[in-house]
Amino acid sequence: MATAKKVSFKLNGKPVEVTVEPRELLIHSLRERLAHTGPHIGCETSHCGACTVDLNEMSVKACTVLTVQCEGAEITTIEGLEQGGALHALQQAFHEEHGLQCGYCTPGMITRAYRLLKENPNPSEQDIRSGISGNLCRCTGYQNIVKAVQSAAKKLAAAG
Amino acid sequence: MIPAGFDYHAPRSVADAVKLLGELGPEAKLLAGGHSLLPMMKLRFAEPGHLVDLGRIAELRGISEAGKEIRIGAMTTEHELLRSKLLAEKVPLLVEGAGWIADPQVRYKGTIGGDISHGDPANDQPALMLALEASFVLTGPKGERVVKADGYFLGLYSTQLAEDEILTQIRIPLPAPGSGWSYQKLKRKTGDFATAATAVMLQMKGKSVASVAIALTNAGPTVLKARDAEAYLKGKAIDDASLNEAARLAMKICQPTPDQRGDAEYKVAMCGEMTRRALQAAHARAKG
Amino acid sequence: MSQTAELKEREDKLQGMGTSLLRKEDAKFIRGQGSYIDDIKLPGMLFGAVVRSPYAHARIKGIDKAKALACPGVVAVLTADDLKPVNLHWMPTLGGDVQAVLADKKVCFQYQEVAMVLASDRYAAYDGAALVEVDYEELPAIVDPKKSMAPDAPIIREDIQDKKEVGHGPRTHPNHIFTWEAGDKAAADAAFKTAEITVREEMLNPRVHPCPLETCGCVASFDKPTGYLTVYMTSQAPHLVRTVLAMLSGIAESKIRVIGGDIGGGFGNKVPVYPGYVVAIVASIVTGVPIKWIESRIDNISTTGFARDYHGVGELAADKDGRIKGLRFSALADHGAFNSHVSATKFPAGLFSICTGSYAIPNAYARVDAVYTNKAPGGVAYRCSLRVTEAIYLIERMMDVLALKLGLDKAEIRRRNFVRSDQFPYTTSLGWTLDSGAYHPALEKVLKAVGYEGLRKEQAAKRADPKSPTLMGIGISTFTEIVGAGPTKVCDILGVGLFDSCEIRIHPTGGVIARLGTMSQGQGHATTYAQIIATELGLPAADIVVEEGDTDKSPYGAGTWGSRSTPVSGAATAMAARKIKDKAKKIAAHLLEVSEGDLEWEIDRFKVKGNPSQAKTMKEICMVAHTGNLPAGMEQGLNAVTYYDPPNLTFPFGAYLCVVDVDKFTGEVKVRRFYALDDCGTRINPMVIEGQIHGGLTEAFAVAMGQQIPFDENGNHLGNSLMDYFLPTAVETPKWETDHTVTLCPHHPLGAKGVAESPHVGGIPCFSNAVIDAFAHLGVTHMDMPHSAWRVWQQCNTLGVNKR
Amino acid sequence: MKVRLEKAFPMPASADAAWALLQVIAGVASCMPGAKITEQVDATHYKGTVALKVGPASLSFRGEIEVKSLDASTRTLHLFAKGTDTTGSSAASMDLTARVDAQDANSCSLAGDSEVSMSGKAASFGARLMGPVSEQVLGQFAANFAARLKQAPPQAGAAAPAPGAAAPAPEAKPLNALALAWAVIKGWLRALFTGKRA
């Protein structure tokens, strides 16, 4: 048993601390130790993106990050997007545009779109499609997801 | 899904990292972006005893212009390359190339140094480096040495990087103004390795080629430089005939490995096709 | 407010049938608060990791658990020998065969389950699994089904070697599962002898896999004191699973509770009972603590219910005007090492006999031979409506083959052979009664929308220009689906009829709870069923809660697959609501002191005919139903349960058209346009329907353009991770144009038919037809899927169209 | 997943010297990168391990080797090796026929015809690497074999060691000596590239 390490970071704005083996993957720390089961596991070869979280203002696949690498990091997951009882524009838009069906890819998809819009507030359809190309969905065929991200972009722009 | 156990080290300087590598020996592997090594560990194909994470070493990041070359820290991520104004202006080939690698999430973590030194023939950076005539700064117990990209790649998972050395910086001579550039990559879907890909840097003098560099991804056990095609094109105009011949010469050196992307016949043909398209695109961008 | 405005406002308040009501399910999913199986944590829970065979066919000489048991955190290692005492090392399958739970002395497919390691957490379980040492003796493997029945073929299933039958008729070889036939062979043969034109083509539906984003898994919890077994499981048919578990475990079915929870996509992959579930259950019984088993993606693709692997032969006989006289379709079906896919007892080959499609074909004969191979078990899955994908692929492709031979336009050949609107109900020569349809208007609407003539002109111009860098293809698919299993007189699984159910309870203040025997995996049941009840009972959908998937709560049903939810449970919902409405009408008549005959229903109330001010709203009646002010002899409450046995399946249809541009030099196929018209009768929630069409077309695109599970000659998987198995991202996925017509189902109480599988079933041949049409002028009659860039380039290369 | 390799390597020693070395199975095994004979069961059966490293990836197999035939008249060795890897998720077998062809007093050629078959995870994932890796393994084997011949050429006709006594052969470094060997065998590969791919 390699020496376990204490790791502390901010999760959705709250400081947390876990003691983990170096080999523990961030997705497992979030889901098993910190009760954040929003991000999901869909593969083991870093392809599907269902585990996407926002780490230090980057969209990352939590299944391919070691928790020990997150000392002092700022992590946002789907559970952190609703602020003060108000849904984020993306959460509202995914609902209004039927951008989800089984919901399994939705947490990773919305968390990725969150960072995409931060970096590009006025994306074209092609920007959105390549922007979410790291997130697989098996139910929607992406068309309504793209509409949802476009709608959220307009809402955020209007909110100024 | 679950890697085997290992000890984790996160040195804060290159010197510390080199010292650690020396102490830990062959059981230690460098962890850069982790998107080639961690998946192998999760499938238990790789079970290193120690991981030396280079993510906390500030001196390994950053993109700057120094004299007549661009210097890039080995731990600079593909995402940072994509968003660099300096590169967009001075080395646009690298920006285009980085955009073809994997998907957005992988590009936030994957690093230029990791891609160069991993040693898989499917990595994209090696071809870009050859086309740009880059060189690499390798830092080891005996200090730094600078090695040309051309000749750095030896074989499958085998480069000039010794077991106790770290690739710390990439140096790219400023491309001549008005040079054309292109990285054409054929793949089954976003995120896939190249079925075939070609990087081209091209300088024109009037209607004829002054100099050209052509490098092929996933066409053999390592990145390949199409020297015969380069030599042939010197002094020639870019037209159907010269493109056909250049493509043919490039195809002659290809020894791709068959897999689900295609058999050798298809892959060799695609090496030719990507070479043709890269030359055409570079020519369109070049100002003679 | 004018009379109609007031009515409209009352109707809008209900958000009933026909409205695109935003989904109730979304609230938790957009917050990351879904409850999927891997989210479940029970006190004392252990993790199970499965040890799998590297060989596709081998004897097990011995299993050494020592190193695994010594691994920190490992509690136990279970092998077939540990299951023998509880007689659970073999289990019955939904296909009438038996399947090894843990390999018993022999492995029959690569990655087959050999042992399960139980440990305190996921990491220790995985470490332990890597330390179990199994001594194998490799045997030659059969990978090509065409070799399964060879006289000297190695025998895969020695356990049933001398069984003359495996539930579906006589076997002629140890590797033979069944031979199924339908139709009149003599009549069909006669039609071929006298026909002016005959065409024949071999067509492969390669082995593919549904690959839902969530893999399969369960948490099994056996409570020793009470003898109760609770299993949280990724199952599309929780009740059927409960019955199978009772059969194989001997535990009273009343003491077994199966809970589906939120499911991350199913597409048929989560219908079968997998060995992992059964071992976890046995482990929980043996250890007395909950056991969680979650498979990896590689396990999912390699071992769970795959789809297709159908080696088909299509033959059509027609006169010189293209009118079809005879059809002969046959297929060799590779079912893998065990016959485990869901199939109704009378339909071992599923509903393959729908292969006459939308066409009036007087003489037809169909035959399917199913065989064992050293590959994972399965075959019926992936949005397929029980082999309907394989049947419709054959007919829609053969129509193009016939058109090409006759030099006829590919739309015209369909017009000439469609069942005409005035011929319904039309009984096909393979015995199905298509009860409703309108094929001609649907096709014409699509052709007009895309400007078909213009497209063919553009194609002709491109074909005439050797300089064109692309080949243009136009694909048409005018399919008829058969969904909604189904009438108990023909449809049962392991003897259990495929009816379905709905139970409705209404509370005093008008709130409603409805519980059904189906199991959504993302299809929006909680919203659409609520809309049915809202319209039927005049109570707002917002106040209607729908629950599925917990066998302790929901009435018995056969689950969700084969697009059966709306056709069977949707009907049950309407019938249960109408029972409540009848009772409510009696209460209204009692309150208004009129006879029932004097009342008429209007949106949300009963009105006295001719005296509209005299009325009772359903909301008012809900309260009264819980008081003593009731007609004589009537008991309190407004509840009803209906078990609905549909008189027939339902026959949704569609007309799809796809335009592709093939890059001659790389073989890449770009989908320029895809226009999909669907007719599924009454449209309960148009938004949900469109979402299902988008999803189904995207799967069809993936299957036609890139998906396959290849094997090498040793039976090794060569494409069982997302590195090689083609799941398109948002960049590759085309944009979809959707359209519809409405042809009511005559027997369904709401006139509704199933829809979600139509885009998959109808989409695949449409893509294939488009790609192959791009080469039609060069004499190409067929190209097997997948139409990957590599394979399409090979066609270009062979034809020499990509010479520089 | 099968890979077939037929290759001939020039050897700086007489055919008899090469043949003598070829008969010492433990010696032959030690030329195979990362291979080690751990036990000799009987005259024709051995137990051993192979540690295969390709970049960061490593696979270690344990299994048996059977000498099918040792034909002095044609100087041909035919052996079959098979085993599973330590995680039990991959398995491999190799059918190797090696023949010494005389050329002149101090040179001969070692012709190798091998069929490597892989099963399990390594086949599913490593398929695309199996060709190049097998070539390198065979190439390095020939390099080590040639080096061994140069050091202490065994006397022609030396009897094979008694069973049970695993000859104390220097243990070859795991294949990761690849980088070093690559320069040596690259030349061979280019010149003799007649490998046929399955």
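Chains: A, B, C and D, in written order; residue numbering restarts at 1 for each.
By our rule, a residue touches a chain if its C-beta (ideal position, glycine included) is under 8 Å from a C-beta of that chain, and two chains touch if they have at least 3 such contacts.
Quick caveat, the model's predicted, so the values are computed rather than measured.
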Seminar exercise, completed: The chain whose mean C-alpha position lies nearest the overall protein Cα centroid is chain C
Exercise. Quick one: chain B and chain D, Cα centre-to-centre, how many Å?
Worked result: 34
Problem set entry | Mean-CA-position distance for chain D and chain A (Å) | 50
For this session: Please compute the C-alpha centroid of chain C, do the same for chain D, then give the distance between them in whole Å.
Result: 51
Seminar exercise, completed: Chain centres from averaged Cα atoms put chain A and chain B apart, in whole Å, by 29
Seminar exercise, completed: Where chain B touches two or more other chains at once, the residues are 1-2, 4, 43-44, 103, 190-191, 259
Exercise. Chain C: which residues touch two or more other chains?
Worked result: 122-123, 130, 296, 298, 718, 721, 723, 727, 729, 731
Exercise. What residues in chain A touch two or more of the other chains?
Worked result: 1, 21, 23, 41, 44-45, 47, 130, 132-134
Exercise. Where do chains touch, given as pairs?
Worked result: A-B, A-C, B-C, B-D, C-D
Seminar exercise, completed: Touching chain C in the complex, chain D uses residues 1-2, 82, 84, 86-91, 93, 117-121, 123-125, 127
Seminar exercise, completed: chain C partner, complex, touching residues on chain A are 1, 21, 23-24, 28, 31-32, 36-45, 47-48, 50, 77-79, 82, 87, 91, 94-96, 98, 100-107, 110, 128-130, 132-146
Exercise. Residues of chain B touching chain D in their complex?
Worked result: 26, 29, 36-37, 40, 43-48, 118-120, 154-159, 221, 257-259, 264
Problem set entry | Interface residues, chain A side, partner chain B - complex | 1-3, 5, 21-23, 25, 41, 44-47, 49, 52, 58-61, 63-66, 68-69, 112, 116, 130-134
For this session: Flag every residue of chain C that touches chain A in the complex, lowest number first.
Result: 22-23, 25-34, 36, 38-39, 41, 72, 121-123, 211-215, 262-265, 267, 294, 296-298, 521-524, 687-688, 690-691, 694-695, 697-699, 721-723, 727, 729-731, 733, 735-736
